[in-house]
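Next come two complexes built around chain A: one with chain B, the other with chain C.
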Partner chain A sequence: MKLRRGLLIIGLLTPGLGLILALIGTVVYIAVSQSFGYYSLNGTNEFSTEFWSKMAGRKAFKRSIQYSIYIGVFSAIFSVALAYPLAIWLRKPFAGSNFIGAVLKAPLLVHGLVAAFLFINVISYHGILNQFMQWLGIWSEPRRLQNDPNAYGVLILQTWKNMPFALLLLTGAVQSISDDVLDAARDLGAGTWDRFRRIIAPLTVSGMQAAMVIIFIGAVADFSFQVIAGPTNKQSLSQLMVSFKGRGDWHSAAVVGVSLMMIALVGSAILAVVARMVMRGRIK
Partner chain B sequence: MIKSLLATTALLASATMSFAGDLTSMSWDDIVAQAKEEGEVTWYVWYLRDDFRRAVQAFEEEYGISVTIPEGTAAGNSEKMLAERDRETGDIDVLAWGTDGFATVDLAPLFSSLSVLPEDDGRVVELAGFDGGDHVVAFWGNQTGIAYDPAHVSADNLPQTPDEFAAFWAENPGKFGFNYEKGGSGPSFYQNTLRVVADIDFSNGEVTDERLAAIQPGIDFFNEHAENYVVTASNADSIIRASDGELWMVPAWEDHLAGLQNRGEVREEIKFYIPEMGMNGGGNGVAIPLNAPNPAAAAVFVNWLTSPETQSMFNKDFGTAPMNTAADDSFALVPNEQRAFRQVWGAQPFRGEVEASFIDNVILER
Partner chain C sequence: MVAIKIERLTKKFGDFTALSNVSLDVQPEEFVTLLGPSGCGKTTLLKLISGFLEPSEGSIKIGGTDVTHVPPEKRDTALCFQSYALFPHLTVRENLEFGPRQKKIPASERKTRIDDVSEKLDLTAQMEKLPNQLSGGQQQRVSLGRALAMRPSVILFDEPLSNLDAKLRDQVRIEIRRIQKEYGLTAIYVTHDQAEALAMSDRIVVLNNGRVEQVDSPELLYHAPKTKFVADFIGDANIFSGTIVGQKGENIVQVETAIGTIEFETPTAPTSKKVNLCWRPESAVIGNTGIKAKVVHRAFQGHFTDLMVETNGTIFRVQAKRVEAQEGDDVQLSVAPNEVILLDQSA
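Now for the complex of A and B:
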């Protein structure tokens, strides 16, 4: 009976869990194996830690890790920080709130590559922004805004693209808070900031964590925004991985890929824990 | 029933295999007849695919063989060829690849002999230090150089040496840009500058600490002038920004620039030259994988692609350097005398190590 029940559970889980394990498992297995010298497309297959040790000594690799974490963390923070006030504002329906909500979520429908090209058009040397600023007389000549070295362009694009996703998660979480709870807090003398800090933040921490983690994972692995609008003196980990692959160096590309997976895993866990502590008032 | 189906399938498979093996013993007329029976050929080429789809219509009309050009990147196509090398019948009839790409693999175990093609002394099998032998023939000649805007840069006073480029950068800060990735024009510029400034022999692929340390004067040269030049995102980004007027001089590919100008995507006023210090030229070749599904049609297609007529057409439409000596090259962007400045791409693995060092010590230091 127990065996039958066990088989039934496994059978029920197989379509979902099995597919996930098979797809992710094989990819992770191949990437890890390649990073240690196996699955060579055009060479010998043998165990080697050379690719890891060589990569660890490369300046480009260390810089890429720092840069990708910078993009991942700040994209997640900016997206959530912008989404919170909007979610609270849209908590109670009002005339036009559905329309505003739909417009705010529109970036979800625009592919990142398209957004990046549009952005480049706007900020290019003879683009709309430069023309507008000169027309206003604020700038006397065009300024080079494209591929800025601090990656503000990438952060703007990441925030523009991910804020609606955070808004989607936070709107649901904020709307689930009953009016009675907020009214009670107000009756007890809590102001706007206190109601956010002591009621809304702790009760929406799960939604916020989910938004932070998912945005962080996506942004830390950014490729499309980086290659089009990112700084040319820095490389994201994805960009570095693709550049190794382009040179036919699959083993080094796998080392970067596995590192990226580890950073996404560990980084998102740290981010989730820190975000929970901040939102529950344990870090002030 | 199943047995007879299996037997028929086996018979057909063995007939196909024996035919593929027999191509070398067939006359060219028989190969053409067989190619027409096959009726199709799949050409894996990674660039200008839409333009090539139009260009091969002449072949389709002449032979009645349809040409399919799938989407794909250079790396993706070559990796596919390598990944399916052990399949009995692959998907690729004709593979286009850079000669530096072909140079990274052993040709005979991967590609059919092209000795089946009709005699043509004009075909090019040795290009930029690469010898395709019996297996690879060049179909696309390309050259890197400097694209410039004559409205700002006089054709009589073009920089020819690293010192002259440095002087141009100093006089016109922020008006010269080059890419270090996503295209080879920028790497051609900085590698030749390194070659001249540091007096490095790039034809030697050996990697030693001494050889890598010897490029330091070239690295210093770029770092000393870092404030005066711009690093762009790609080949295309460089040309677009030159066409837009933001940059006045950028490294570019001759064929890339000509193609963009022909399509009206870049101003026709933009000119091109090869500096006397030398910039890299080379080309792309085609080969027929051993497991090509339509080997006869592939051979006929390669013969057409490398013919003087097709090469003349490529020169006119794409601005390529013709890869058949009997072809007309009068539509090229540079006069023939400048081709004397052509340099060969550096040998691997040394070139790759220099690229990595340049990124670490110049690009990441900006």
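Now for the complex of A and C:
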């Protein structure tokens, strides 16, 4: 009986979980092996830490790590920070709220590359933003906004693309809080900010964590926004990885790839813990 | 000084008038109950007092200050929710401390209050539990304690006992009254249970369709209802309309009704010939005089017997202590003129 049950569970899980584990497992295995010198395309197959030590010494690598973490963390924070008020606003249905919700989720349907090209067109030297600011008389001449060195363009695109996702998760979480609980807090003297800080935030922390982590992982590995709208003097980890591969240096590319995975893993764990501490620590 | 002064309060939701022209004065330390059928506007009135709704017209004063447009977080009222509305992520202690913390009460004073409240409500053993680890009765007490820890001048209850079983309800009812007296609180209590209202209140406000039908002590409401609605809603009542046919002596008026002639006592004769009368089932005396009736249903209730009797096709209720008559028997009954109540003509 127990055996049959166990087999049944395994049988049900295998198609989904098995495939995922097999795929992830293979990828991780190959990447890690390659970063240590195995699976070489030109034949020599021996263990070596050379690629790791060389990479660790490269300035470009360190800069890429910093840059990718910067993009990952701020994309996650901005997306969630924008999604919260919207989720709270859309908590109770009102005339037009469904429509607003749908419009806000539209970015989920637009491919990142398309969005990036649109964005570039809007902010280009002769684009409508420059024209508009000049027409208003705020700027006397067009400004160069494209590929700005602080990567504000990338952050805007990341936030635009990911906010709807955060909104989706947070709307569910916020809607599950009962009106009476919020009214009780209000009755006991909690204003808008205190209600958020002491009731809504702690009760939605799980949804917020999930949003943070998933957005962080996506943004830390950003390639397409970076290529089109990112600063020209900085490379994201994905970009660096691709550039090594382009030069045929698969081992170094693997080192960057494995680093990226580790950063995603460790980074999201840290982010999740910090987010919980910030939200829950406020109870007192 | 009055604790709460409500003047000509009206609340409309779109075209629908939920409350219309309600006026009420509540004295300090008084326990007032809002009683009425579902949908009559009890919760609406409570939300207006606590500030969650703004009136369409009229004003509310608490302790002499006009609070009509003051938001709930700034009002000196505390509301006990029917659903308890405890904060699920906070322990009992943190729930109790929530209000005092918001009010920036110093830690030492806070501790005194929480200790006091938790002891009075017998919650000391539950302080570190989360709400979902408590029984219904305990949750109810935490919700009460959370409001009490605010030391509000007015405490409001919205059907706080409806989720408790009958026995616990009796117990908590007494508890609430005791605490309210001990803290000297002015209380407004919402219920649709007339027995609860009669047992607990100093005064009862009977609401119907968003209007005040009558405001009186439980005794007066029971013995001197002013309208058909109140007579019917509170306790059992036999209500008859009839025509005045004569007068007996100084102040006894004779009225012809569907079941025969009924006499009632009044200091001033009614202005119109058509009147509505009511009397309580226990006012009838079964004997050898008066109205002849046939028993159609008999139910022994222990301390009294409940009879449904019929006269000329009209069925009404009689309750008496010792009744020999069985179903199908004929009885004779009379009601003393001072037990018959004259109701408002309008309703």
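The rule is simple: the second predicted complex is superposed on the first by the 275 of 284 C-alpha atoms of A that agree within 3 Å, B and C clash if a C-alpha of one lies under 4 Å from a C-alpha of the other, contacts with A are read in each partner's own complex, and residues count from 1 in each chain.
Everything that follows uses one rule, which is that contacts are C-beta pairs under 8 Å (C-beta built on N, C-alpha and C of every residue); 3 or more make two chains touch, one makes a residue touch a chain.
In this text the structure is predicted, and so the values were computed from the model without any measurement.
> Of chain B and chain C, which one touches more of chain A's residues?
Answer, by number of touched residues of chain A: B.
> I'd like to know which partner A:K161 touches here: chain B for first, chain C for second, both or neither.
Neither partner.
> Taking the superposition as given, does A:R144 touch the first partner, chain B, the second, chain C, both, or neither?
The answer is first: A:R144 touches chain B but not chain C.
> So, does A:D180 touch the first partner chain B, the second partner chain C, both, or neither?
It touches chain C, and chain B stays clear.
> Per the contact definition in the header, classify A:P202: touching chain B only (first), chain C only (second), both, or neither.
In the superposition, A:P202 touches chain C alone.
> Is A:S124 touching anything from chain B or chain C once the two structures are fitted on A? First, second, both or neither.
first
> Considering only touches as defined above, state whether A:H251 meets chain B (first), chain C (second), both or neither.
neither
> With touch defined as at the start, can you tell me which chain A residues reach chain C in the complex?
The contact residues of chain A facing chain C are 178, 180-181, 183-191, 194, 198-199, 202-203, 283.
> Going by the contact rule at the top, pick out the chain C residues touching chain A in the complex.
50, 52, 71-74, 77-79, 81, 83, 85-90, 94, 98-99, 102-103, 146, 150
> In the complex, go through chain A and note every residue touching chain B.
Residue positions touching the partner: 41-42, 58-60, 63, 124-126, 142, 144, 147, 149, 227-228, 232-235, 243, 245-249.
> Write out the stretch or stretches of chain B touching chain A in their complex.
Residues 75, 79, 82-83, 104-105, 174, 179-182, 230-234, 241, 244-246, 352, 356, 359-360, 363-366 of chain B touch chain A in their complex.
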